[in-house]
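The letters A, B and C name the chains in turn, as written, and every chain counts its residues from 1.
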Amino acid sequence: MKESPIGTSSSGMLEGQKLQGMVVRRVEKELYEVFIGPQHPGSGHMRIIVRLDGDVIVEADPDIGYVHRTMEKLSEVREWLKPIPLLERMTIIDACNITVPYVNALEKLMDKSPPPRASYLRVLLCEINRVASHLYGFGIFGVFLGHSTMYMWAFGDREVFVELAEVLTGARLTHSYPIPGGVRRDMPQDFPEMARRAVRYMRGRLEEYRRIFVDNPVIVKRLEGVGVISRNKAAELGIVGPNVRASGIRYDVRLAEPYEVYDELDFEIPVFEEGDALARTWVRVEEIKQSLSIIEQAVDWLERHKGEPIIPKEDYDKLPKLHKEVYEKTGRVKLLPVHATMKIPAGKAIARGEMGRGEIIYYVESDGGTTPYRVRVVTPSARNAIVFKYIVPGHRLMDLPAIYGSIDYFPPEADR
Amino acid sequence: METILYLIAYPPLWQVLILGFVGALLVAMVAIWFERKAAARVQRRIGPYWASPRLGGFMIIVADMIRYVTQQVIIPTTVDKIAFLLTPVAVLVVTILPLAFIPLSPHELYWPVASMEYSLLIALALTTLPPLLTVVLGWASSNKFSVIGSLRESYVITAYELVAVLAILAPAASTLSFNIVYIVEAQQPVKWLAILNPLAFLAAFLAVLMSTSAFPFEIPESEHEVVAGPYTEYSGILYALNMGGGYIRRFIYAIIIALVFLGGWAPYTPGLNPFTGFIIPSLIVLVKASIVVLIMSFLRAVYGRYRLDQALDAAWRLALPLALLGLGWSIILAYMNLI
Amino acid sequence: MPARVSLKSLKRRGGLFEGIKSNIQALAVGVKYFIDPQRSTLLYPKEYIEHRPGYRGFIVLIKDKCISCAACARICPSAAMKMVRVTEVDPKHPDKPRQKQYPVINYQRCIFCGYCVDICPTEALYHTPFQDVVYESLADMFLTLEAFQLEPGRPSVSEGSPVVYEVDEERGLIKRRR
């Protein structure tokens, strides 16, 4: 259905009249329509259709779907272990956080549970990914506001955490680390010390970020009072993640329904009340600090409990001799050939997790076969996309990058 | 030898052609190189490197210039062709025009025009012309982003013009003359007006930042809402003229600021022969102007971009009172015979 | 101990003095890094990174250990592994040629997830610790059985010198020549 703008009001067409598959709608003559389209330095993988009255945005329409990769359908034709690398590429920068709820759903169907050491390793990698994801968000936010130094610093410091992930799993971004029952590799010997050094370094760097970016008068002026989402509006729109925690709603999946070992760790969930872009930025800064503290606690626990298994005992007993040798020597868990065509008992399972950008929900249904019957995933950015339509109107054109960057919207994740 | 020296130091040749076109081009290239290198250093990376590792990557700018000269100029069919093609060239010519009225030596032999009596006023008036042509650029390329960019430029013009003129005329109020030569001679040897009147210097610096789209005021061509503002549709040599034009304008403003605020060729006393009387003082002024331009380039690494209405706010509520205070203080300086 | 909620609020905006102080702080940080950038840029290809042995790089086959179970081809998430049939003659029974199948890999599709290496029951596949391999045509990326058994050539070894990155407390990542 196309909408044709009519220049004058006396063209004889009535509003709402249907005309061979077209709907005629009146458009103000003074509104200036700009397509912040996919080929634009400040739009990401989406198009925002903006109607301006002078400098003020009257209407903003997000046009998403450019990066749709049919991941839910592809998961239906791949055996149970294969969707793990596939689903990870929805938000590759946050790889572990995306795959852990899927693996949790499988474990619910298979009635398995990972041993504590595997849970701690998963949480360790999840928090490393959360820090890297927030730094990525800061980088893109900085470059949208014209602050290229924040962009370069955030990506440079993200390198430290990507290096940690590489030492732990063998790959920089595409970890594919959890498997149903546990994880694939154990921690190397020099990892705890490396992690502690990285945590101390990041704490010092956060102070410098504060001085050059978060407390920079130009940036503060651009963010204060911009894109205010009040508490009721946030609940009504249904947004998730640090955005909703900056509007005063105390919601975090790690608090509401703790998964893995989050109920044994000691950390805080920062909540701000102002609801503007500056509050959202500060929520992310505080969350990075909390994630650093969780990394330290996880590494301490892992060092104290050396030598514990990372896959369940019944799976370990079924391994042949060669696999047990490889596991003892290098800490790498080998899969059995039956994993390629394993069958999971019929049933339905829902699992939730907290990614860097918000809450992710998986619904996995099995009919007893070798491939899933249905995998449905609701990502946080898909739920945050509505902010463009309802919060942006009323602001000026130059506030659009500020709002876009502050809600940390990631188009590939929203389009799946 | 003497005749060759007198020939080179012929003011229209030295000042407008060599210092004006060639010098401005060189300073623009060094400013672009320094901007990239300084931003890279603050951002903990190397910046230009592979083109000439031992020169710090300077040859990349030369390579860019060669590329722009040989690149195809794409002219869209919907533009207003005469305005589209002529305006960047006109911007360059009008930008260098103030150099014809700026003296770089106290001796009458080496002035580009016969009298320097109102040179400050004339040079300042001529620097206000190029932004008007930027608005024409937005009209010529019939592209929504260009229109938004040039409308922003017109808003910014109305805000900073007054500040620039008031702040740069403050030294004239101190020394009771519009003659740049007299202003420079009054600052010998180290009574520079930047030290005696820092308010006017700060206001002038801010005004130049705003007028030449330097960070934190890079608004008409901010990349993330309006692709490149008025310069979106350009490619090839016209693109180079546009981008370089901004830097050359900064350089011309910097020369004026170096002369009236930073003492010009003080503490050096120029002799009479062309070498010590013209070439050396002009190089000293060039060095001082380059330092001002390089500091402006450094700000790119530290600041983000203001929103349009916040930039206008900063102009009316911060820079204008500062310029008025600077003007008042310079009157007090003149009254107390400090200069 | 489960997580706790901690309610925070933004600082009140200061006046002119706050504004000047934060401007000077931002400029001071900029000048500090301008004087001492603490760079750790990798000047590839004059230098190249030597990864740790656990790095999931290009995959190599040890043909003698392969038992033709095809588990690697079955588990590959992106269908990059394929089995090819080869007629082999056992020297002890020269009149009874046998059909065996061995894996070959298509590097246009491989995502280096390492499932094939982990699932092989005889450890016949292993990862090399590098990924900066160059192919001159797309057809070369479909490896034959002979090419799959050789470690891929790495051009940076002959041109550059190896470096190792370490995490440091003051400077983040630092480059160490090995």
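Of note:
The definition used in the following text is that a residue touches a chain if its C-beta (ideal position, glycine included) is under 8 Å from a C-beta of that chain, and two chains touch if they have at least 3 such contacts.
No experiment lies behind these values; they were computed from the predicted model shown.
The most central chain, judged by the distance from its Cα centroid to the centroid of all protein Cα atoms shown, is A.
If you tally contacting C-beta pairs for each pair of chains, A-C comes out on top.
Chain centres here are Cα means. That of chain A falls 23 Å from that of chain C.
Remark: chain A and chain B have CA centroids separated by 46 Å (rounded to whole angstrom).
Computed centre separation for the pair chain B/chain C is 49 angstrom, with centres defined by C-alpha atoms.
Shared interface positions of chain B, i.e. residues touching 2 or more other chains, are given as 42-45, 301-303.
Within chain C, residues 26, 29-30 each touch two or more of the remaining chains. The multi-chain contact residues of chain A, meaning those touching 2 or more other chains, are 149, 156, 212, 216. Residue ranges of chain A in contact with chain C, taken from their complex: 78-79, 81-86, 149, 156-157, 159-160, 163-164, 166-167, 170-171, 174, 176, 184-185, 188, 194, 197-198, 200-201, 204-205, 208, 211-212, 215-217, 220, 224, 250, 252, 254-255, 258, 262-274, 278-279, 282, 286, 320, 322-323, 326, 330, 332-337, 339-341. Listed in rising order, the residues of chain B touching chain C in the complex are 38, 40-46, 49, 298, 301-303. By the touch criterion given at the top, residues 39, 42-45, 144-145, 148, 215-216, 218, 222-225, 227, 300-310 of chain B touch chain A in their complex. Interface residues of chain C, counted against chain B in their complex, comprise 26-27, 29-30, 33-34, 37-41, 43. Across the interface of their complex, chain A is touched by residues 1-10, 13, 19, 22-23, 25-26, 28-30, 51-52, 54-56, 69, 71, 74-75, 77-78, 111-115, 118-123, 127, 165, 167-173 of chain C.
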